[in-house]
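Read the structure below first, then the notes.
By letter and in written order, the chains are A, B, C and D; residue numbering begins at 1 in each of them.
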């Protein structure tokens, strides 16, 4: 078994180290990077991705995946716009949209748990379905001009150079980390992700937990949809299109095993931040989008390749196999 | 020790017809859905079944079907190739650029496209098989890299149909004996790959790997070589698809086939290929591609509001996998009941 | 008479996994026309030795000799080409492929142009099964086969290779007497044809029945290599364990208390019909039967893994909500499942976490899991079960098969159940541990635990059970109190030749 | 209150008060070394590339540094990140083709509060978050002239359809509303708009949509595709199908893309402005703004290099000119 060396070379630690290096390197190299405005913006810009990454981490640890999150976000955004345009007060819109998010999550969860379908297949289907519904709701229109007391919530916390959503994310991230790594519930998730049968035989409510996670994922995605809408002041059906791959990239970059059963939330947070900081730095230095995409892709590959190469170097490949 | 006086407990034998039916049923049910869909649409709008209408559907489905065949090879081995869309984009653009600038002909274009596709597949395959890293992550990574490369090379340029040599364009719209080239190529590839997978020992090994990789290793199956082959094939077919894309559409920018990876995976899943590997055929996958394309065309022909199209396609996709699953569950139960009847 | 030259041999082979020395300078010679037994406790290194022969592991030092010449196996394929066939301890099948394809993967009979000749393949599979005396459909998928049937397929796979060397790692662990006897006759036939065989089993009587030579391993070292003739079981145990063994079946007499598990008319179509019985406090009730009789299915239905079509289960007088292991656990049931790899353990999770999985609630301090409690819990059970391990933080997957089984047992006993259902509790466990497990079960029963034991090991059933329920083709065929139970009576009920009123 | 995008809010409105109040000095010289940044809808859109490259070329004439940055997907949210970055970099002016008029507003306002001038081109933002908008042609002109062009080609009667870009594109929707208005006129009474399809500015999707349109509406006489991607895809489908010569296609396209189809007779006429002039004008307008020659108020004038003097119209709009119609006789004179 890998000894202490292996413990230190866990990928989530590497990502965190990489984040620190990139961050301080950025501070030194680029005068525009370090100022409070830019950092607040760079963080705020990650808002929805970071929020959605939390339940996504739990799902992936559990051996599942939810590709429909960005579409739920779009549907929530479209619905928010539609209702607001129809004169519904914002206080009513929020719970309504969140309920729709819960329903979307439930549909995913029920299809996965009741019918035993693979989540990848199910959520590819609902990805298309929910985005389509978003277009049905709002069509081509864009609704704007939301009430200022709500759009203000996308600004900074008074007196601090920290956007509200970043503060919220910090709180949620700590809670999720505790849930995943320190509670029995978290333990169950790892168990399900590693061996569903064993978890089931051990009396863990496998289906119930999966259903719950998909529901929470839908809820958070809908919430992120509201945040997105307010942040850009524009409700559209195509909001957040393609975001799901970024979220998953961040989760995987954070060292979570896509086959389930392995990963840390700290790694995911580092992964999200790394993507954000790197993107901001590259942009500030006029590195084109193409190159940014290439960098993201290479990072992803390296994130899975490095730990593997370390193990491979340590023992001959024939013996990578237990029992 | 007890002497073996009694005969071994009788257990069901000869479940052939039933089992075979189930295995076929996956393809049959898609075919059934397809027939119903086409029939219903044809009743609503007879022009749908005009020669032009049918030709259009087959032309549209061909490229997706080719990609689905490649993807099936990969998915059967319990892997996935998300980079296919970006490979098609890259191949279409680079090949287009090459032939339009240097004025090369058909053969050069095809060879270049195949080469690019093979290299992309090789990179994916080497990363997955040799380094043993998770396929989803790797191919998501190469998706970004290849897309970035494509955009970098293209940078807002466009290849126009006028610049593409005529023989290449003819490949996209021409036909032999009334059968257009594109579906012809797709069907030939499908038959060849399908026959190989079913009837050759090395073909069966793809299924073995996806079904239980550890057992495959112990059985001496050359896992790396097969997985590598699957990826290279997927890359090659994406290369072919890229060239055909250029041939069919003529106009090419960097963004071609953007987001197609999910479309291809959808087709494969609808076609009854299990995303967890070990199960499925290329016939199913190709039919899945045809079904998805047909749904798209049908919705337009039936004048369904454009906004409803995505929602309906998503819904039908869910319906397809749910029905498939319910059939499988019912079948297992039937098998169990048969066991019971045999027992006493 | 001069001995024939060894076909396959290990010379001074060592193999370490991290801190564990699995093999330490072991030499072993397999000769044509001989069945060589390999004995040793759990974790002694038997499977490691097998995998070294099979090309799965490469030795750190030492050599493999094939017909006297050194060879290096780079992978299982190399070993197969050298004419070595292996039955691994754990079945390794392709669930989605047909049984026939499983057997012939990679060497299917060919028709023209290199195509697979399916007809020939199915015919040959049917032939193999006939030789082994089982009737499995060659075309059915391997998914859904019981562990025993899986083992049968594994055996068929190995003997179909017509190999020069056949290595069998606990092939009989899942088999009942009947199939074992069939296997032995096949093995003897192979031996007469000049095949060299290596046989591993924890059932010592099988070694005496089948083998000519026995090599004993202890802690990765060879302690003896001698002819079986003239050896006694006690000698062998002493070599394996390093000391004399106490009673293998230390059954305590108890007076059963009140009924705690009451199963009434339980039916699940296709698996079992109309099963009714009771288990009392302090009682050990065995559920016996041939492979595929439906015993595992009964246990699963009681524990709530499967939903029964009809019938009820009562625990301590209260009816149990069907199809919910959670409810079953809350009511005081525990099930040690048959398939430890799929259902009992999480291979990549640490030993301590595996042990904690059934009692996540009890290991809490406040809302959070206490690592200290978890570790203490693991250390405690490791000592009680004399677990052979590196650290409790190591993955369960690196334990030897027998030690894994101990972890599964501990995992369930630690929940403090009132009714314990054990499905093949001593499968793959060495004699010393087996005695340990028996002592433990008997002690717990004496303390008032009700035990329902499913076992294919007939001596175990006869020695440990207060009462024996015999199943035949999904129905209860007989109920035998301890006094009436004997090999004949159980077997005749199990084969359907005798029907007692229940 | 709420606003839905519609022609009504696009209709002439009072000049943005903030901009008008600043004083402009028409005689101020154009400063040297200005930093201009073009932020197109999407970086790989060939049309936008032509516009931006012409703008960057123009900037050299007045010794400014100009660059093009932007997202690879045509979404508002990705543009927002770029606006922030450009603001951090301290550009003098941001020239933007907005993917969403409102979503880009917040950050644009922030940028303006730092003294950065904002010029919208191609596709406008909300009026209060940019200084001026360079309109390639008045939306009304584009919309109405497209209908008139098609009417002339099909003899003023029959079923027609529109193949647009994405369902959200602001400029497309504005044009379409004007087209629908034009169709209400008595002289077009015999033309009937049966369908608006969306090809998402995706070549393949547009291609398939055309196919679908022709099957679904057997009596279709004409298609208007007011987007360069759409019109070339539609032309390609028609040229290779039996509908060639039976269905009339027109729209907005670039001569390079359409040349083949004009020559083979699939399309006889289509329109467009000169995208190079659009970039050129935007570049000069930005320089004039930063240098203080203009402030964005209605009626202010400046000289845009070779394009001569231009006047800011109502709502801070500068109109490039009427669309130009291409046909067989003139298409070879253009290369873009």
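By definition in this document, a contact is a pair of C-beta atoms (placed from the backbone, for glycine too) under 8 Å apart; a residue touches a chain by one contact, two chains touch by 3 or more.
Which chain is which protein? Per UniProt: A = Autoinducer 2 import system permease protein LsrD; B = Autoinducer 2 import system permease protein LsrC; C = Sugar ABC transporter ATP-binding protein.
None of the values given here were measured: they were computed from a predicted structure.
Visitor: Touching both subunit A and subunit D: give me those chains, sorted by label.
Guide: Touching subunit A as well as subunit D, we find B.
Visitor: Common contacts of subunit A and subunit C?
Guide: Of all the chains present, those in contact with both subunit A and subunit C are B.
Visitor: Which chain has its C-alpha centroid at the greatest distance from the C-alpha centroid of subunit D?
Guide: C
Visitor: Return the chain pair with more inter-chain C-beta contacts, choosing between B-D and B-C.
Guide: B-C
Visitor: Where the centres are mean C-alpha positions, what is the separation of subunit B from subunit C, in Å?
Guide: Whole-Å distance between the two chain centres: 42.
Visitor: Could you state the distance in Å from the CA-based centre of subunit A to that of subunit B?
Guide: 29
Visitor: Quick check: how many Å separate the C-alpha centres of subunit C and subunit D?
Guide: About 74 Å, centre to centre.
Visitor: Give me the residue numbers in subunit C that touch at least two other chains, ranges are fine.
Guide: Correct list: 56, 75.
Visitor: In subunit A, which residues are in touch with two or more of the other chains?
Guide: Residues 135, 139, 242, 288-290, 293, 321 of subunit A each touch two or more of the other chains.
Visitor: What parts of subunit D, by residue number, touch at least two of the other chains?
Guide: Residues 43, 72, 167, 198.
Visitor: Quick one: which chain pairs are touching?
Guide: Once each pair is checked, the touching ones are A-B, A-C, A-D, B-C, B-D.
Visitor: What part of subunit D is in contact with subunit A in the complex they form?
Guide: Contact set of subunit D toward subunit A: 1-5, 43, 67, 69-73, 75-77, 80-82, 84-85, 88-90, 100-106, 126, 166-168, 173, 198.
Visitor: Show which residues of subunit C lie in contact with subunit A when the two form their complex.
Guide: Counting only subunit C, the residues touching subunit A are 17-18, 47, 55-58, 74-75, 89-90, 303, 305, 325-326, 328-329, 335, 337, 342-349, 353, 356-358, 360-361, 363-364, 367-369, 390, 394-395, 397-398, 401, 411.
Visitor: Flag every residue of subunit D that touches subunit B in the complex, lowest number first.
Guide: 43-46, 48-49, 72, 167, 195-198, 202-204, 207-209, 211-213, 215-216, 218, 232-233, 236, 240-242, 256-257, 259-260
Visitor: Enumerate the contact residues on subunit A facing subunit C in the complex.
Guide: 1, 3, 178, 182-184, 186-188, 190-191, 194-195, 197-205, 261-262, 316, 318-319, 321-323
Visitor: Inside the complex, what are the residues of subunit B that reach subunit C?
Guide: Those residues of subunit B that touch subunit C are 1-16, 19, 199-201, 204-205, 207-208, 210-212, 214-222, 274, 278-279, 332, 335-340, 343-344.
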